[in-house]
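Before any comments, here is the structure.
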Amino acid sequence: MNAESSLATDVTSPRPMLDMSGIVKRFGANEVLRGVSLQVARGETVVVIGPSGSGKTTLLRCVNLLEDYQQGTVAVDGEPVGYVMDRGGQRQRMAEREIAAAREKIGIVFQSYNLFPHMTVLQNIVAAPIRVRGIPRPKAEQRARDLLAMVGLSEKADAYPARLSGGQQQRVAIARALAMDPKIMLFDEVTSALDPELVGEVLAAMQQLARDGMTMIVVTHEMSFARDVADRVVFMDGGVIVEQGAPEEMFASPRTDRVRQFLKRYNDRYRI
Amino acid sequence: MPIDVHFLARLFPALLEGAEVTVELAVLTMAICVVWGLVVALGQATRGPLGWAAGAYIQIVRNTPLLIQMYIVYFGLSLVGVPLSGFASGLLALCLQNGGYVAEIYRGGLQSVSARQYEAGRALGMRRWTLYRSVILPQVIARVIPPLANQGISITKDTSQVAAIAVMEIMKVAQVWVESSANTYDVFLAVGLIYLVLTSVISVGARVAERQLAFVS
Amino acid sequence: MKTFAPLLHSYWYLFRGAGMTVLMATTAVVPATLLGALLALAQIFGSRATRSAIVGYIFIIRGIPLLVLLTFVYYLLPLTGVDLPPFWGVVLVLACYYAAFMSEAFRAGILSLPQAQWDAAKSLGMSRRLMLRIVIFPQALRLAAPPFINLCINLIKATSLVSIVGLWELTMASREVVERTLAPFQIFLAAAAMYFCICYALALYGKYLERRVLVGH
């Protein structure tokens, strides 16, 4: 597979890029995900909204098994991630090696950037391609520079993360995830820790990515991003998906009270 | 108090011979403890009897004096049929004690790396060994250098205690010279200076290493 | 291996030695703490000359083994004609030595408070004295408590060194018993166990303090 093909939309295949079914996640007695199922089509951008504590970040972290879950399965492009069903219908956890391999296909960007502080921007981006996928260094670096150009940070290749603004660090984190040529990108409240004037540059990079056909799940509080970029908006509350649909429909005429209340509170606060 | 130059001219070569033993002991102890401490720290990180034993070892050596440990090794082991020279006994006791401290330094370094760094590495598909080698350990090393240097200084000073089991390092040489002459001041001035030079070398070396490895401006 | 019979006849003697160790350590820790606090404050708020004098003092103390200083005072005291009992001589050395390390612990505690705390106190119109008393010190002391306890443990262990210059405490007592009974393994192990009980109790208290500090932040 070459570097560009993973970004291209393959509309001919009916198989969803991500298939989560019946995910149940408990922290002790507290059930934070209560049987969530979500399919994401190839090239689709799904924005997940909902009040804090609704389980949306946990759902995202279950996709690549940063968070373990007690029931349900996840598949990316038809390949299981984390658990497979054996002949008797029992869930079996995959070997660590297989889980690590599955994670390569799933890019994630965190709220707190999580760049490696002891590596330069370029080293951050090429570390996993070289050491995990065995890509030759010159090729990995070329790809890294292309990605840096894409997020508008070509001149920062040799800077250390501590020297960058939050918005710049977050764009590097996006480039780092893309360098593994993932089939799907997960964004976990990536603008929540940023100063307001830095939010725009990160959202612009994400919008570009969506336009290029990347399959994306975005957990965010940025309603304007949901309205402008999402193909589908998913509203979560209390560990379940309450409502989902096209953004224009959901924002204009929500079907449930909970969504209506959530949007009203949001609008009262931000006056949009 | 006038300084007797002729006396110093005779004293210094003798002290430097003692200093050689001091440096040998200190360097050997440091080299062994850098490895042994890591073994103990990794052992302590495991569950079960090994982790418990490593934890008990750390508490025991940290909460008993080096001098007593040295007496146990030097006088005690020879009695049960394992006679060790003064130098070997001193080295063993120094390594036993400081291995516990170095293990704690490594543990602190490992704990100071945020769980988010592990997460970021795992999300990129790194497996345990790659994650440790390219993400975690480089950060740990940068953070443990200052405390390791402090431990090195402390080890160098601790070597003076092997004088108590008749090893001819600086301290013992100094005692011999003080008892055989009346120039107490000169001897201790010289001994103090030599120790200051030795410990300063470690401080400066650590600062250079720290600057080489620094990544957070 | 012989039996532990020698221990039965001498345990009371060792206990008395342990009592002396505790007495010596507590007598030294009080002036060490006071002097350490004074040095820490003077280094933060003092004039440039004061600050460099203290930096020099700490440099020298950190670079020279305690045993060298103890031996120096042991040989020196008779020469100066000062009529100071050896007990007070070693207490003085222990206090001056550990004061340097304590000042570093206290200073780190004060300096690790975020600037925002100073700003907040200033913005409320507090005088420097008031600000230190009700805002800075209470927080800094909590931060400095765990390293302070570690230094106290080190001080207790360090009292064993005074046996080398002929003072009587637990280590000296155990050496005397060993000379009588020729059972070094049992006796030194017993002494080590006594040191362990004293130091580990302190260490547990330190852990308890540390947990409280962590909860507070």
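Chains here go by letter, A, B and C, matching the order in which they are written, and residues are numbered from 1 within each.
We take it that contacts are C-beta pairs under 8 Å (C-beta built on N, C-alpha and C of every residue); 3 or more make two chains touch, one makes a residue touch a chain.
Remember, it's a predicted structure, so these values are computed and weren't measured experimentally.
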| item | value |
| --- | --- |
| Number of steps on the shortest touching-chain route linking chain B and chain C | 1 |
| Chain nearest the overall Cα centroid | B |
| Far-end chain from chain A, centres as C-alpha averages | C |
| Between chain B and chain C, centroid-to-centroid distance (C-alpha), Å | 20 |
| Whole-Å gap between the CA centroids of chain A and chain B | 48 |
| Rounded Å distance between chain A and chain C, as computed from the means of their C-alpha atoms | 54 |
| Chain B residues within the chain A interface of the complex | 116-117, 119-128, 130, 134-135, 138-139, 142, 215-217 |
| Complex interface listing, chain A residues touching chain B | 64, 66, 96-97, 100-104, 106-108, 110, 112, 114-119, 127-128, 131-133, 160, 162-163, 176-177, 180 |
| Contact footprint of chain B on chain C as seen in their complex | 1, 59-60, 62-68, 71-72, 75-76, 79, 153, 157-158, 160-161, 163-164, 171, 174-175, 178, 184-185, 188-189, 191-192, 195-196, 199-200, 203 |
| For the chain B and chain C complex, residues of the former touching the latter | 59-60, 62-69, 71-72, 75-76, 79-80, 153, 157-158, 160-161, 163-164, 171, 174-175, 178, 184-185, 188, 191-192, 195-196, 199-200 |
